[in-house]
């Protein structure tokens, strides 16, 4: 499970960096809390962070359950796919939000495979 | 713990479907990213997804700790109550947000029982 | 690990109370769902809750991995620092959002130490 822990730590630190980038965008574009909307550049940084958390909330438990009930090495690989997906997502989104589908899809794929894989694995181990 | 894993997978997939429904509402009502507000129907889909994640973030760790320190079968049952609650919540919210209390309350109840139960169970096992 | 479970339960209940305070602010300032913006007091309550969830999503897995791969007692202590940080954050934010840095920083510090500590601990146990 060590590799799953390594990949999870990287995913958490990635989300932390995205949060930090929102903080920097707050300063640069002078968007004072509690406002969460401002110039387009700020809005894009804000939404990539939010969307990353929305996926991360599903990915972390799904990846660990998949590691336990199916295979730990495949779980770590899917976790890495997730991290790459979120980086692709942010890069595309900051340039043009309409190009965010690929990065989004990689993360979504990793989540669905882990969640459905766990469902099958856990049910099989009950039966 | 297999049943807890089964119920958790279902809860994660439920949140994933809610996210997908927001994406469909984006297309239907032409709400382009990074905007997160638009026609009332879109806003309702957006908020039910957000609120589900807000509760899911508390429910998943609370349910697993409760399973470990108190009882796994009761944890799975409370997890199922949570999933039913979120479905009731979404159904009611999409028709009329003022009727969201019951569905919200079921999820909140499951969270509070799991968190307080864990607190008591873990403290008792320390003493 | 019992202390980590105790601290996690407290952190989850703290976030639950913040959510409840948003609900009360909805009633007091008459901000009807699905709206998420209203008078400044409501906006502050809303954002402190959101920001607490944004950090909690990273803290819970980071703290448990740190407990497992590094030290459980230090993990529980960092968890306590996180809870104190979020309380300081909310208290400051509700008075004046510009004074939120200290409370924010305590939570961020706890997250970074847990995530980087886990990364180092897990890699060392692989090598």
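Each chain gets a letter, A, B and C, in the order it is written, and its residues are counted from 1.
Quick note on the criterion: a residue touches a chain if its C-beta (ideal position, glycine included) is under 8 Å from a C-beta of that chain, and two chains touch if they have at least 3 such contacts.
Remember, it's a predicted structure, so these values are computed and weren't measured experimentally.
Undergrad: Using the definition of touching given at the top, classify the network of chains in this structure as line, ring, star, complete or other.
TA: Per interface graph, the chains form a complete graph.
Undergrad: Is the contact between chain A and chain C built from the same residue numbers on each copy (over half shared) or from different ones (under half shared)?
TA: Different residues, largely: of all residue numbers at this interface, under half are found in both copies.
Undergrad: If you average the CA atoms of chain A and of chain C, how many Å lie between those two points?
TA: Centres of chain A and chain C (C-alpha means) sit 19 Å apart.
Undergrad: On chain C, where are the residues touching two or more other chains?
TA: 57
Undergrad: Over in the complex, which chain C residues touch chain A? Could you list them?
TA: Against chain A, chain C makes touches at 40, 43-44, 46-47, 54, 57-58, 61-62, 65, 68-69, 93, 97-98, 100, 108, 111-112, 115-116, 118-119, 122-123, 125-126.
Undergrad: Chain B touches which residues of chain C in the complex?
TA: 2-3, 5-6, 8-10, 12-13, 15-16, 19, 32-36, 49, 53, 56-57, 60
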